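One structure is given below, encoded as structure tokens.
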């Protein structure tokens, strides 16, 4: 039996996703240098959990930090950012790192993040032990964000979701998939899913981006993602889910018309960037029918939310666009 | 004696308008499908009250729903949106409906709302019983918002305030009046009131729009309206009031230089769109000298506020632009 | 036999529309006060032709002027702008007048123009003799441009095409139709045609607007219109044509995918606003199978172009979107 | 021994600046007419303190008001704005006044503020007693904000920091210094410090502006300033500090890479303009090694924060850009 | 009798200003390194004329060059830009120099230009002989353009017109006057004239800026200036004239509602920046009632135009706003 | 001896690049359907020349067409666009094609172009005979433009320059290089050269993009490119040249500070998009020291210009940034 962080749905709730009652699970000042800790990734590791955390320091410089936890709730985050050695390239320039994702494939943990190389693009690295880290070639030309690997090869190739963007507060954004035989050269780019018409599902009508590592279910790849609406007072980020075809993940089988989680609590609505719910990782157990989603809240802290995978799949199928 | 919702002014307040102490009077999740319930209209009906509520669902689709209340405080809102039959036209297309107003004229209840027909314009409908609803020709070409009918004919014609706009987060907006002999063809458009110079009354310097149905008083038509200032962090919506000439309502007799209500509470300052106070309905009794104003708060919930009509008239006259 | 201005197609041309070889037919300084004369309307009158010309003066104030011609080529334009008397209203405010159209219906010549009343809207006036002019109620609320009347009533009502806009260099614009029983109140607004997807017909992908008075043919209403593409160096205005259903003119039967005329000559590409071809009037003879189109060029001068109605109808049908 | 307002650092804090535990020290409704009181200046006066407060009234008109306090905590603010007499000029036009600073030089208290004269520029006035006030020539042409005088002449001339801007929500802004022999004519303009590259210190990468009167220390002029980052949901204002050369204050010796204070409390993150910390005054005692900083919070209320001058100097030197 | 360049008005013209028939008088490649030569200043010197020319090189770097002419028509322009020595300051930084004006006051020729010092501001220099040049303190903080000195002291002080701007393609701009006792410190800033309402004189409704050195006439200071309208295809620059009070030049006595010269020829309408007429200098003889105006055309070449001073004064008075 | 198109430098010119005296070499209506023919590529083929031409049709749809010529001057362009068969992929979607380049590598002619796949990206195809064409996987995710292959493999891999962009009139753009082992997967992305500071070389300060196929010289890869300046009236496109290291082409050895060619003739300054010079191909002979550059002019026609390779190399080295 797993030790995935868990709370049952509150008695007064009928929602398919519910929040951890002691949120935020990681506070903005969890390490001495941090201004904020959010949009972070966790993974099962060594009988407990390891994480790669986005900690912006008090100069508001963005970097990623390793951390460890027995229970996924209480985290020890390193006080120094991850230092990368050369992986499959010597060119490991990085003006900044943010919004990491982590996934175990075959023999190692792969980390992707938004890497500053003449603008944002997708950085790739790996570690075997969360002590030594190796940086590889950037996956794409700038400008790109939200690069998310699939947890296994598809048709013999690595597969990555990403969201081409521009170099600012991008007002557009769709999700694409790309393939690589070797984690160095990428191609076979396909558009997976685009923003919705305003009248059909407004919370995801401005831009969308992949969130946690997709979860393989009997229905296909369960993929949580964020969607953005551009209100007169700025962007609002919510969370939805899609189910992608197991063998052809550029094919969307179902996609939630309603959001699953939107900014409604004070720690989601108030902070460095108000009204942001931004999922980056999901611990899950198919057997126990549980998922625990870590999400950035208001670009300031990290929240945790729970759901039953079977219920989520059912919800997405019954409320599909 | 009426059963208009009412609380006396708090002891520590000298404001001309004061809030209901259990605000928000309608919460965001008052029906199962709703993301938010705000910018809604109520009217006396059948010994109690009926309402037409803007409920955005969790796909953030905008629609209007009928609801009923004995006391104007506790509301039963239908779980399905209003379904319109053909009124004076068969063309009843509607991509979305929002920001309704309701008024009884002669023999029926007229509803106006922002209707999606190739962009926002003013939809018109009517009901006799809040069970069967009939949709008429849109009043105007797009783009328009905040269409508000007068509660009686003026010079033998229906009269409507509205605010021509564009198809986005319009950064301008003045109030006009138009007339119709038959609720089908509209003309005699006149500019009623425009935004103010920034230095004179900044809260209403970006755009203004009519709110509740105008109230006929001995001074003229008491008309609550919203005003918007464009801050570096977005729009802030407040409420003011004007007094229009009884017979020539395109003539502004008085108009409040200070706001009457601005976003100051957490439920007005935090939510889907922070810093919004948006009045859409006002129950009133001239005899009892009371008015109860329903207003959208933060585009998320519905607030209620109270005032004395005589005091408001006095305030507007003494603090007029 | 008519005296419509005419030149045969040049020997080296296969175009469906060809230019007058002595263009511009009206020069920028045709009257002493004018900075530019363009976007103007002409109509058969009194054995010759009358026109209503947009003449911007050297303060770049926009107004409309009557003019007369025996042959449609040589024009005498009044040195003073048209002075309107009260028509069906006393409210004849006008901050400016531009882009007129003229049409004879039943007993008089109706003029529509872009009228400055708290922003651009559609002004309406009439004359019996081009000496005395009467101004009516504006058709619509601001903001609107390119109001074009049909030359006969449809289903007993006046019908007008127009293009809702905003109050600046509007970056959008579709064509709508509205009806009026009396030239005072307008309603039954329908969307007629919208901008095209960029990949299908880019010259008309930003905004479109009706041009000359529609011409009744056996195929339906032949309607010339302008289309705009937004290049990196500004708007480019070209001319296309559509055929609208005779009885239901909100129904588009055919619409030209290619343009019929685009800015290619120095007087169309160089001037106060480069790269503008903007048709406002078309003299025609169904019997002689001729049309002579007057169009503004570069917002500076007036051009003239010719075509065969039968060829144009054939072209639009064979090259329809 | 001074009576500077003071609280010791909370036991659980290691921050170099800490907040007054009863913040906001001045509430938005501290006088009857006020919508908000913020971005205000205080100075030692007559055994206690005097202040010049920015009070926006309920028409959101900006003006400055004198106030008095024994302890710097409890303030009596006049209900009428300061009325200026002619100082070194008869031209004392002022459309609005905001963001005052106050400093004693030689024989009088000088006040600078953002003065509305065809847009924002730097107004200058003086008083001997906080009863009679005299207005001088504006220092500069529009557009300018955040004019801050040094507390003593430098090389025989008055010296002023300022931030050239534009006439709106300026998206840029660097700090300059200018000199005057007579408080009437200004010149010798030098650029002092500019915004930072985003990757080095993002909280101050959009614009910066001087805050309180610089404090002469043994290290140089300790100068608190605000820095702004442009997030996708608007501007966020934080506070940093720089040390300028004593004799050549256009020369920056040290400048804090991390912020010293950023919006983190509800009264800083929620209000008329969310996420603003804007320092305008600093009471200090070199002997007691104390500074008490008054800052606007969320453009709504006034906050107070404390620090040890020696610690701040050390922090800025050790964490310098 | 002077040798001011001159041609009589063409027989077919009634314009108050007419062009030199061999325009452009200075071509874009008049020196080997130049991409364009425009917006340049000339002055009587040593029995002939000297000039300071804006020559952008083929890297499109902006600098100013001295030149000489016997007749004002044929110019020898130095191949190297002016090299300035320290004048009343050692701080003579300059990222670029453009749009010079030249005027003789008392004992020397003063040059002002748009000087690059952390953005555009007004540079000041002087020469006695057009061989040795001395640079002084910048007049103002950035951002400013079009600094134009009066040819004599007013009330004992130097006086300069200028146009505060921003750091880009400024979409606003009014003319101010400032005074200096010593060409080092400036103050007493007054607004002189602002842009016009669009409906009154649209060619000058977006921004205006002073052009040649004002000419003292019996009516007051005859001041040519440029005005800009923002069309949908960019800015169009025309030339107008104002008459300022002799003793109080911040007081506008008359100001031309129509333009005097607008872009109408190919060399004004086609070039690096189409549709620009930008006057920077005016040779004149009150006795001979002549003025010869040098103006930049299309930001590419230099044009020359002529007029009779008496006629211009009459025109401005009779066609005043 | 080659038959490269050629004219000697005109006697009155000292420019390093000079124009063909019968420009435009390809007119806008060279095929019946075309609105414009520009930004096109040519290559030696079969004893003469083949080309791939961008022909926008009269619906302003963008596509590429094959053409042939004996002399490089007189061209026969196919009337139908190129029809691609599946190359290394079945996914050959293309909403539009524009701005082609052509290069022979090893055994075939490779074509790259801006391919419409959910926005602009780099399309790749090949042909052996200019009759049958095969389309491969797009090189990159959108958004990208100006993909230009090197004419030989570098370190065993294909190499391509490109310019990441956004999905509109991109206001930024730098040149990158990417490598591929197989023309299917791409990686090892490096920034090659960026826009210049405005003060150093303004014609290339907004965006830059590779032009013709790089030419291997003894100095390195001679690479012509376009640079853009953003004037107040839109973008102006000029041409420069850089020399890249032979073995490490991401290393810039020299780069021209002045432009080599800028829009100066009527056919470059007037047309569908004024002020554009956009090079896409260069025929050359190292032996004869000749280069003939084909460039789009005003987005309307195709121009031709000549130069001596040795002179160009010398010029770039002597005038390097």
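Per-chain numbering from 1; labels A, B, C, D, E and F assigned in written order.
Criterion: contacts are C-beta pairs under 8 Å (C-beta built on N, C-alpha and C of every residue); 3 or more make two chains touch, one makes a residue touch a chain.
Quick caveat: nothing in here was measured; it's all calculated off a predicted structure.
Within the contact network of the assembly, the step distance from chain B to chain F comes to 2. Taking the definition of touch as given, a chain qualifies here only if it contacts chain A and chain F alike; none does. If you compare B-C with A-B, the chain pair joined by more contacting C-beta pairs is B-C. Residues touching across the chain E and chain F pair largely diverge in numbering: under half of the numbers involved belong to both copies.
Chain centres here are Cα averages; for chain C and chain E they lie 41 Å apart. In this assembly, the C-alpha centroid of chain C lies 59 Å from the C-alpha centroid of chain D. The residues of chain C that reach two or more other chains are 233-234, 266, 270, 274-275, listed in rising order.
Chain contacts in this assembly follow no simple pattern; the graph is neither a line, a ring, a star nor complete. Each chain pair that touches appears in this list: A-B, A-D, A-F, B-C, B-D, C-E, C-F, D-E, E-F.
Touching chain A in their complex are the following residues of chain D: 14, 199-203, 229-234, 236, 257-259, 262-264, 266, 269-270, 274-275. Those residues of chain B lying in contact with chain C across their complex are 89, 91, 117-119, 121, 137-144, 162, 164, 166-167, 172, 174, 176, 178-181, 184-191, 194.
Chain E meets chain F in the complex at residues 28, 32, 35, 57-62, 95-96, 116, 169, 233-235, 270-275, 299.
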